[in-house]
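Next come two complexes built around chain A: one with chain B, the other with chain C.
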Partner chain A sequence: MFGYEFYIDPERCIGCQACINACAECDTHRGVPMITVDFLDRANSIATVPAICMHCDDPTCAEVCPADAIKKGEDGVVQSALKPRCVACNNCVLACPFGIPKMMTKLELMMKCDMCYDRTSVGKRPMCATVCPSQALAYVTPETIARERREKPVNVFRFGNETVTTKVFMMVPPGETAVTVDVVDFMWETPETPETWR
Partner chain B sequence: MKRDPLWREELSIFSADEKYVNRRQFAKFLVLTSAGMFVGNLWILVKGWLTKTPVYPLRSIAKLGEIPIGGSKLFNYPTAADPCILVRTGETELAAFSQKCTHLSCSVYYQRESNRFECPCHQGYFAAKDGRVLQGPPQRPLPRILLQQKGDELFAVGVDLGEA
Partner chain C sequence: MADLPRPYNDLLDRYGPHLSYEPPGGYSEQRANPPDRLVKTHCCFCGQQCGIQLKVRGNEVVGFEPWEEFPFNQGMLCPKGVRRYLQSAHPDRLLDPLLRTPEGFKTATWDESLDFTVRRLREIQEKHGKDAVAIYGGASLTSEKSYLLGKFARVALGTRHIDYNGRLCMVSAGTAYKLAFGVDRSPNPWADIPKAQVIFVIGANIAECAPITTQYIWRCRDAGGRLIVADPRMTPITRNADLYLPLRPGTDLALLMGMLHVVLRDNLQDQDFIAAHTSGFEQVAESVRAWDPERAARITGVPPEAIEKAAHWIAEAERAITLHARGLEHQSKGVENCLAVINLSLATGNIGREGAGCMMVTGQGNGQGGREHGQKCDQLPGQRSISDPAAREHVAKVWGITPEEIPQAGLSAVEIMEAIHRGEIKALLSICFNPLVSLPDAHYVREALSKLEFFGVVDFFLSETAHHADVVLAGSLQEEEEGIVCSAEGRVIHIQKAVDPPGNAWTDSRIYIELARRLGKEKYFPYTSSRQIYDELREASRGGHADYSGITYEKIDQNMGVFWPCPDVPGGDHPGTPRLFEGGRFFHPDGKARFVVTDWRESGDPIAEDFPIFLTTGRVVSQYLSGTQTRRIGPLVDQFPGPRVEIHPRLAQEHGIVDGDPVTVTTRRDAMTVPALVVRTIRPDTVFIAYHWPGNRSANKLTHRTLDPRSKIPEFKVSACRIEKAPGSGLRVVR
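The block that comes next holds the complex of A and B.
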């Protein structure tokens, strides 16, 4: 859309939560941010990462929706659930590999980042990208990102044997071609094996 | 290549593939068609106000001796595109009507035996005396052609549409 792409650089995120507040300012979902800033390893590090919808080429959330409530437009943006259709079943919440959809239990509605569709569809930048002071969230042209960043944008994610390509790019060290995620590595629970079994 | 199942086609994840009419589209359709009908009715009303009463020409259509009792003659009045029928039901009883059936504009024909007009398309019948509907689908009587006799010549002088 208008030649801009969305780039996330977790390395730049300073955890200021400006994006959360900017997102909650939006009139389409006033007071409810559609973006989260997660601590990667709270006990040992101050590192944070912003999580917005990656707008998958083949969106799992929409694929698993039994009510046909999540739709992908021709511009590649996966929209938030349609209010008249969403049955609040949580399938999308469980299915999304990036953990983006959120169930608003009181509204009985899944809500997620739609890349500020009211803004980006008319050529404006998303709220979070306009306020991000370190441009960890950047909504710029590919030329700009190539000129100003050392890191390389990739939009291929590997979850085990599953490859997911997305509309939103993640900035990775040069030389990397994909972000490979081993989900088990990120589980904080220790295996609950009784002492006697060892 | 394996074809996708039907549910995938019907419940596509792409909004561009939405084939079913949603509530908003239906409401829009209702509003627009109602507005269209309202405007159309206004137009008909305004047209009715602006149209003047037509002036009919005086035209010779037949000689009196030309038609036998129980006979009929076809003519066009007031324009060449308006077929009409003249019938002589008695010595002095002459009547002329538009030949177009008021149901779907088929031509009506005179039936001498039963003294009525028959529309063969849908079996509509009109009285030969005054053109009123006897049976069948037509709702309005046949428009009557007003006649005037001068000597032994018959003239058409106007059209009586019936309800006006």
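The block that comes next holds the complex of A and C.
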């Protein structure tokens, strides 16, 4: 859908799994959900977090694929592996910085979220974001998200020395410009730092 | 009937619950043979009544599609809504009437089963009097079916005993709202929730039991609103609470009186509103004078500072909304709890305005509409009191009988079980109700069923309760009969018929009409369509508080629902009433709201040395009520396969319990063994078990029958128990 973007706000997630159930009902993958919802730490919290494919601008999964089975469309959507090409090697599963692709061992095929290509291409919103009762998953225009939310969308993720930009946005507290996960990014390092301190 | 007609496992093998995972023909059939139409209707489950489109192929529901234009949920659904279509075309579906024989249930013709039912009902009424027969209804039925059932009980059978499983849902709130406001409905539409500056959620597991309401609350926070949550457990919405009040089960009243004490002590009340629009304030002010925050804190286990802060946030806000549900209402002082919420709203002037009010979150599909039109033991259609002579006269006229022929109020759901035990009620006809799972003290319910001389059931699946029936009449699913329901916010909406009942199953209405005919009362039941029943319901409701006379099927479709009251004014253009009490006008004859004094008292099953821990029960997001439908839907069962007992690590450690250990929970009634879920999200003096399952997995084996004296709701939310680690390291799941 032109002008619409995908936003994830884990803070809104209530762990109901409507997204998982709705994803499984999408016509293209016949009962198999391409989304996960997990408790962060059930013993200590009720917090849950949904995970979908972030659709990287420069997808690592495609780069490491020896069979050239993973394609990114002009719309920025990174597709599931192509059945005739995929050799089920698991490179993509291991390489994805977000841990998204799943190997369907029975099918010998990597499958992941393709942002409901069959729906978005005909003007419908993706299943998960349509049904999500907390709108932790939202498929709306940037204007809508700017108007309605306090949190700000970012699509830059820093994993140490690697920066990944994505089609999907993550909602973060105002003032943040990127999601930074590696302690290295917060350190002060110079070439003169003594070897033993490194 | 006492014993099961066959061993329990034989019944399970034949009638389920079996798990349905795929649409008819499987997912590949969906692609090869797409659905031929989409039917815009509503989810069959909870009181949110989300708009949904059902995919239909031939006479089968084969999938769903979000309905984004419906304003309440805009396409949003919970997992139950997404998978609800899997109940259609289900292998467990009853396709014929069943008669009990010594060899088990046998398939019967409609003539055989209806004649048998009518013969037994007549024999028992002739021998023991009309009131020896009782009717149980269900809050999932459309308003047409509820209306028909109420009329069937009072006109065709002439019994005063008809009640319904809404008795386990909304009656405490309904009673309180009637006392205080003169009417039983949530005063505000859901669209008001995001407009509030403070949302106070007390005793309501919004995320799991009314999931769509989550987005309304999050939108309030998006706009800068603050969220207060009071619950013994950190339910999922607590993750974003600005203030969390972890109160002990059953102490809501102390918390609310403590909060009102603070409001009045600090002179934060809305004196102008109180003076102009209420009565009884002085007595209530006097009654909370002794409830200083320290006293409330000692009882509730919530810090006094937190009680003060909650009171100040609500009183100092321009607009505050309180949302409450079964946590507050499932108590032997459920009505007082709701009255205390109302007192707080009235004292702070939070009522009758956009973004300001107190709202009950109705749990059952047609919990609101079902009770308005006649299956509640003390109400006639239009939310009229059955003891009001004017109401009796109006309804008698619509029904074509004399007012004297309408029986007086009968017994409530749990009281009917007690009357069966006493031998006063000998026959029970039950529709859409699974009391063996949903009523407290399951052992007592099973005993009652064994004392019945006749037990008839109308249902689409053979529930655990129906195992005990003499006759089972194969009725219809929600998607098989047109009708209207009223959602939690008071919006009357249109349920579309998507398919015909399969096999030899009948619509529920046809069953009641045919029973009435065989009872010789056909002239009072001349209907050939849902619309005819509805048009009569509109007349019966005319002039009542729940006035539907101006609401037609067409008007509902044009407006995506109409809020009652909606009288039939000349021109037919009454817009309905989304918000009640605007301008401070209430439904009592003097137009004023009433403050009602509340008294603190202990639970009916108090904590003691041998039962030192609170047990509270509730629901999980993927199951609905007694699970008759949702325990047959594979993905919903996989999401939460069975009950676990939630225990805080501090309590678990005292008993040497680790996560996953089998734990025996014992109350004054019974004991059950369930795996532990050791979590820091529950008070250490409290354990929680969800109640959706039967037999050995039924939390209602443990609960007690203490009722609220006014609403007759059972005290599901507060029992006293003890726990111990059971032998063995894992637990076999028993169906």
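Here are some notes:
Everything that follows uses one rule, which is that the second predicted complex is superposed on the first by the 181 of 198 C-alpha atoms of A that agree within 3 Å, B and C clash if a C-alpha of one lies under 4 Å from a C-alpha of the other, contacts with A are read in each partner's own complex, and residues count from 1 in each chain.
Quick note on the criterion: a contact is a pair of C-beta atoms (placed from the backbone, for glycine too) under 8 Å apart; a residue touches a chain by one contact, two chains touch by 3 or more.
Only a predicted model underlies this, so the values are computations on that prediction, with no experimental measurement involved.
More residues of chain A are in touch with C than with the other of chain B and chain C. Within the superposed three-chain model, A:Asp57 lies out of touch with both chain B and chain C [touch as defined at top]. Within the superposed three-chain model, A:Asp27 lies in touch with chain C and out of touch with chain B [touch as defined at top]. When the shared chain is aligned, no partner comes close enough to touch A:Asp182: not chain B, not chain C. In the superposed model, A:Glu108 lies in contact with neither chain B nor chain C. Legend: residue contacts after superposition of the two complexes on their common chain; A:Glu162 is shown touching neither chain B nor chain C.
In the superposed model, A:Ile70 lies in contact with chain B only, and not with chain C. By the document's definition of touching, of the two partners only chain B reaches A:Gln79; chain C does not. Comparing the two interfaces of chain A, the one with chain B and the one with chain C have no residue in common.
Within the complex formed with chain B, the residues of chain A that make contact are 59, 62-63, 65, 68, 70-74, 79, 84. Within the complex formed with chain C, the chain A residues making contact are 11-12, 14-18, 20-22, 24-25, 27, 30-31, 42-48, 125, 127, 130-135, 148-150. On the chain C side of its complex with chain A, the touching residues are 21-22, 27-28, 30-31, 63-64, 66, 68, 73, 75-79, 81-83, 207-208, 211-212, 214-215, 218-219, 221-222, 224, 234-240, 621-622, 635-636, 639, 649, 659, 677-681.
On chain B, the positions that touch chain A within their shared complex are 11, 13-16, 18, 23.
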